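Presented sequentially are two complexes of chain A, the first with chain B as partner and the second with chain C.
Let's look at the complex of A and B:
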């Protein structure tokens, strides 16, 4: 266990060395949030609420979704694909740790770094510019913290699977880009899932994407209340467990199928 | 003439290299297409909950988005200079460019072409066609020429902004993230400017005139006569901003000292 914690620490320090890149990152996210702020204000027009969300809840939803994205987002799918292509994965496999575990820990180090240096200051800055609505209920914050942890786990699991596809398909660059678009759209980052037509909502229930962004953001904006909050977190936990199965299957198949070219 | 033949030579070579990896290209085109579709889904879903957006209907917004895709596709195919600083200044590649007998900017454009982005224009036409059909728009014969003029104007606005930004690297070779930021600001131009507040509207019109890539020129085809003045400014803005950027670029090249050995 100690070595995995060390991996988190090293990645965190690595990110810290390049922290200036992140100040402009906050600005970029603020610009995006700004665009949606005006767009949503126009969409609401005079309406009190749409699908149970008031305009200030909607703005908060957009802001918190983007800032949470900084935490759960990572490029380990790309890193895994690179290491497989370059043959480095062969060396990783003989080292005394689980390759996927190592990647997950690195992603966590990166996530914690972004949470501290990106999401938190970003959220403070954004709350000065736009009228956000923060909950005063401590339990909401607690549930939200738990919920974005699950967001991270589920998003990372999906990234692990996408990265591992390189073992079978050799080149997944296009696939990784499509996956990113799909996740932005179907996770609820751009639009709350409850805004979609009913048939689409039914369909999305069967996919893990909404557990990444929609559920935590709804908890934060208090769009979910009481029982719904607990159900949302249980659903996330369920997905986090279910996704272990395809990962294990892919991993054992990959180890058999692996071809190292050069290296 | 010499420049045109150079352009076609480079295009030919480029297509050959891309055709080498066909499967990869198809997947890339598909992912581009998905990206464009995602934005469309956003508009469609939003209009499931509202009838008008500051006086613009669903199909009008869709038309604007479709129009935006066409100049943007042209820009993205030829002005792929967002990483100019790292690629040419930091690595010293600019030295090589300057020894070539054609204008340095043109040379950079030739080397960084990404012709497959032109497929975005096809998506744009399909989206516009759908919206035009739903809106029952009628066109005159001269609208075709106006369309070409507006598309070129929009592409030049984009090109002007990005070439100017790339030229900054001649003065300061520090790494900046201003380029990705500008791509995000560019998205503001896809929606009607009157949803923004006065300051942002002013910026989008006169300082970073992204509104001339989407909403203003589209207003002409949508017969929104109150915006005609702005619509016909599109080619003018394109030429002004692009000329200005060439001027900055040339001034920058004069100052260029080269990095490394």
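Let's look at the complex of A and C:
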């Protein structure tokens, strides 16, 4: 376990090595939240609520979704793809650890870094500018924390799979870009799932995407109540377990198929 | 005890060849021409504890592929591999604790962070105790002279500095077996010497077994008593470097520059009872004598030639290992 914790620490150091990325990151996230604030204010246009969400719930939803995204979002799919393409995966395989486990830990290091140095301060700043509605219920915060942990796990699992596709397809840049848009859209980051037409909502129940953003944000804004919260978290847990299966299959296939590119 | 045992090892890659032209490119979208390449073709060898073995071959001969199978990175297509008593790719995580690897062409240190942070992480990864680390690594760091580099990020190091750090990183857990894949590529003479000296030292001190691939034969000459030569995936020579030199080195050559024109017949006449082979040199009045038994006939040959003809210059050359190896590759095989 020590080595995995050490990896989180190393990732912290690496993030600190490229600080400017994060200053610009804060700016971009604030602009996004601002843009959605004005967009949604225009859409609500005086209406009390749409699809059961009030305007301040909606703004909180948007702010929280973006801040949660800073935590669960990571680039390990791109990193894995690059390491495979450049043959660096060879170096990873001579180390006594599980490659995917270590990648997940790196992602977690990145996630914690952003949560502490980016999301939390960002949230404080945003709450001064926009009328956000925070719950005072401790259990809501607790459930939310648990929920974004699952968001991280599910999103990372999807990233692992996308990255590993490089073993089979050799170049997955286009796929990774479309995956990112797909997740932003279907996870409920851009639009809460309850705003989608019924058939689309029905369809999305069969995909893990809404477990990434929609469920935790709904928990935080108290759009879900009581039993619904527990069900949402159970659904996330279920996805986290199910996704282990394709990852294991892909990994064992990849090891057999592996070609170290570039000598 | 054998550290490495390889029997009938094979690795084949499937590669596709693109058809030419636009029409060919469209056809490639649907069906592809596959070609199977035998990167490593039925090789067997074993390495004993404490040996330093040079693994040589031309580019694409299958050296790196073999190393990657021995280190558990690639799965063999067929055959048996047993390294440190384990099957490398089956028990990968346990196995890699017992080996150290340096790939000359790629870095295994973390690019953006200081060298000592990489070391610290590796120390945790290999679960090395503080005491062992201090005892072993202080020595390594001193010998490789990398103390002043430890707090610099890897991307700011020169190639020679980086390679010394890579070597130290591969030795953090003091592995009994070390794989070096072109460790001296692109390094200057001083760094090369330092690395060689260091490798010799750890081999003596810890009985570390070393398998080394390189294109620089002086590395092999300095370090290895045994060489395994590979060509197109097959082993063409496995034996001592000494034997290779004796068998293929064919003595010495002496270059004479004469003061005036000398006929071939005249030279034959002077040296008719000496086992020597004369060839004309590239410049005028230069003849090269290839001598098979230099111990007994060198002085005889020189004294006769000098007594009979006027010479301006004379030089004695050893046939270099490089030349020997080139000869072997041209002929395609070597005797065992």
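Heads up, the rule we're going with is that the second predicted complex is superposed on the first by the 261 of 263 C-alpha atoms of A that agree within 3 Å, B and C clash if a C-alpha of one lies under 4 Å from a C-alpha of the other, contacts with A are read in each partner's own complex, and residues count from 1 in each chain.
What we mean here is this: a contact is a pair of C-beta atoms (placed from the backbone, for glycine too) under 8 Å apart; a residue touches a chain by one contact, two chains touch by 3 or more.
Note that the coordinates shown come from a computational prediction; the quantities given were computed from them, not determined experimentally.
In the superposed model, A:184 makes contact with chain B only, not with chain C.
In the superposed model, A:3 makes contact with chain C only, not with chain B. Looking at the shared chain after the overlay, A:93 reaches chain C, while chain B stays out of its contact range. Comparing chain B with chain C, the partner in contact with more residues of chain A is B.
Of the two partner chains, chain C is the only one touched by A:255; chain B is not. In the superposed pair of complexes, A:18 makes contact with chain C only, with no contact to chain B. Residue contacts after overlaying the shared chain place A:41 against chain B, while chain C stays out of touching range. Those residues of chain B that touch chain A in the complex are listed here as 23-24, 26-28, 30-31, 34-35, 38, 41-42, 45-46, 48-50, 52-54, 176-178, 180-181, 184-185, 187-188, 191, 195-197, 200.
Chain A meets chain B in the complex at residues 21, 24-25, 27-28, 31-32, 34-35, 38-39, 41-45, 47, 50-51, 171, 173-175, 177-178, 181-182, 184-185, 190-191, 195-197.
Taken in their complex, chain C has these residues touching chain A: 13, 64, 68, 71-75, 89, 92-94, 96-97, 99, 101, 103, 105-108, 110, 112-113, 117, 120-121, 124-127, 153.
Residues 2-3, 6-7, 10, 13-14, 17-18, 86-88, 90-91, 93-98, 255-256, 258-260, 263 of chain A are the ones that touch chain C when the two sit in their complex.
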